[in-house]
């Protein structure tokens, strides 16, 4: 970022380093949500549909993990990925890959807990019909996930919102390296500590715009759900 | 018909259904045989729904024996059930039928045609692309019927098929039931609507408080019931 | 297995599609020469440095030149000095570039670093509110000023994060014979954060704090903070650079790291450091001796 006095103008002028930061933020958070969905939705479906001892406890834990503090995830992952940590040999500390992993860890419980809720509610509703139609386990899971698609998309968007807005995890495992692991949130933190508050606010506005766009998507998804629901 | 084994007759031999302390069905003995529709009638809480569910194999009895053509297990693949409040999937009407066809293992190539046939059968042609849950109560009931028929069942269980339907919708539903019967499908329906039972039933089973009060051919039951309770019920008295 | 019904396209579908397309487009944009998603290509090193060098903007100025001259992508992880050294002790950095000489020498003595070199210096300053409640403005004796601050129980903010600045501050308290922690929670506030955060906090609280010259010159949110004490020889602030020990950490990029260090100590590197200015003011003064 240049030391331009009209830093706000910088934000509005599509400065290439700003684009790179926004691009990285989207890339990291979107990838994290994708990974989280791959793990979270099946996990949520599993807990929703199977009976096992300690199931209620599992649900409570899953819901509680939604509130996992990002900075703790960052710290734990840092210790794991550090060269002296268990996975140090991978050498991915201070890279976007580590940031994706950190955010995926943060977001998976959100997606899992929300999908579990949605799928379980739907399952209770569809249960009798599935029994009468003799739908097999795979057919049930597919049907539930498909019918829950809009709520699941809303869960994904909630996960994305969390990922895009957090700074603790990506700061620690990414290192906020200029041009490499600097995201919108870490850039805002940096510019604030440099005392460049207008620039920090400008970046903040970009971040808010992204979050608003996400919420618009969520709204559209809900509208679509209503079309089929009642 | 795909499978060749029949599941009829369904025989209840002193079947008891209890949930905790509450006895829902108390030593019910009954035989459901092939032929004209069987109507289960009786006041609310009599146990009609539970009896249907047991006959379908959705529940197991607490005591007594239940056999399907002598077999201890129901072949659910041969039978279909329409619940009192059928639940439609959050998709279009056609997609609901396609789903049922898939569950019944109908080949993909045939599904499209079957969907159209079923929609026509229940009088919902052209409504395939409407969201199923946006259909009216009567339309959803008929869609549920179509969905049940996707299985090509031997027996069709119906739980209160015309309850909360306006006369026009009820008539449309009854017409479908007649068509189904004409195809040789055995219909077993629980209904609170005595007139509907009169119109459609071949046999009647009167249930009250989990016990069978009387059974018999519809013709004689409605004109000359054998038991006093049945007579009282038909006369419009509240059975206690 | 699933029946896909034909969707009737509506406005909401179109909007949905557009939003998704825009986001996907931005996310998939090829980075200008930054395709590295893994460990950053072949010619990169990780340098653990301090918030004072980062916040002052030195690296923003220096690193493109380093890249042009040596082809090395220097990836700076800027944390406090104590944290930077810890990071290197865990093997997560190739080079360390901080400003706490005793700690740096211990780092080398423990076998984590190869050798320590002086790179550049500037000074610390005591900064405080324009209203100067402790009455220390204009003094050139920082130890006396600190004593006055403590006696008057004027608000003082400490980095509290084992950074170079923090170590220097503690050393000055020691010279004054004062244990500032006795005033913890009262007039002495440890925040455990970087220089910028400390300055951001000092202004509205009307507190004093020790700041490094580099951050001070480049800091944009001074509000009513001014320099109260400067020029004391004990406020000297030396920066040092160390290569992580490859014998200890085989994965360390010792050639690239050494090349970077050599460049920083070279005439060209030293001149580049001197050329970094903000509003005509020089922030760092090179003082490496080549061939040391």
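Which chain is which? They are A, B and C, in the order written, and residues in each are numbered from 1.
FYI, contacts are C-beta pairs under 8 Å (C-beta built on N, C-alpha and C of every residue); 3 or more make two chains touch, one makes a residue touch a chain.
In this text, all values refer to a predicted model and were calculated from it rather than measured experimentally.
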Fill in: Dominant chain pairing [most C-beta pairs in contact]
A-C
Discussion item. Measuring from CA centroids, which chain ends up nearest the centre of the complete protein set?
Written reply: A
Worksheet item: CA centre of subunit A versus CA centre of subunit C: separation in Å?
Response: 30
Item to complete: List the centre-to-centre spacing of subunit A and subunit B in whole Å, with centres computed as mean CA coordinates.
Response: 47
Item to complete: Give, as an integer number of Å, the spacing between the C-alpha centres of subunit C and subunit B.
Response: 77
Worksheet, complete the sentence: The positions of subunit A in contact with two or more other chains are 139, 143, 146
Worksheet item: What positions in subunit C touch 2 or more of the other chains?
Response: 1-2
Item to complete: Scan subunit B for residues touching two or more other chains and write them down.
Response: 91, 99, 102
Worksheet item: Across the complex, what residues on subunit B touch subunit A?
Response: 56, 58, 76-77, 80-81, 83, 86-87, 89-91, 99-100, 102-104, 131-134, 147-148, 151
Worksheet item: In their shared complex, at which residues does subunit C touch subunit A?
Response: 1-2, 12, 15-16, 19-20, 23, 26-27, 29, 31-32, 34, 36-40, 46, 51, 54-55, 57, 59-60, 63, 73, 75-78, 90-92, 193-197, 199-200, 218-222, 249, 251, 278
Worksheet item: Across the complex, what residues on subunit A touch subunit B?
Response: 125-126, 128-129, 131-136, 139, 143, 146-147, 225, 227-230
Discussion item. With touch defined as at the start, can you tell me which subunit A residues reach subunit C in the complex?
Written reply: 1-3, 16, 19-20, 22-23, 26-27, 30, 82-85, 88, 91-97, 139, 142-143, 146, 175-181, 190, 192-197, 213, 216-217, 220-221, 223-224
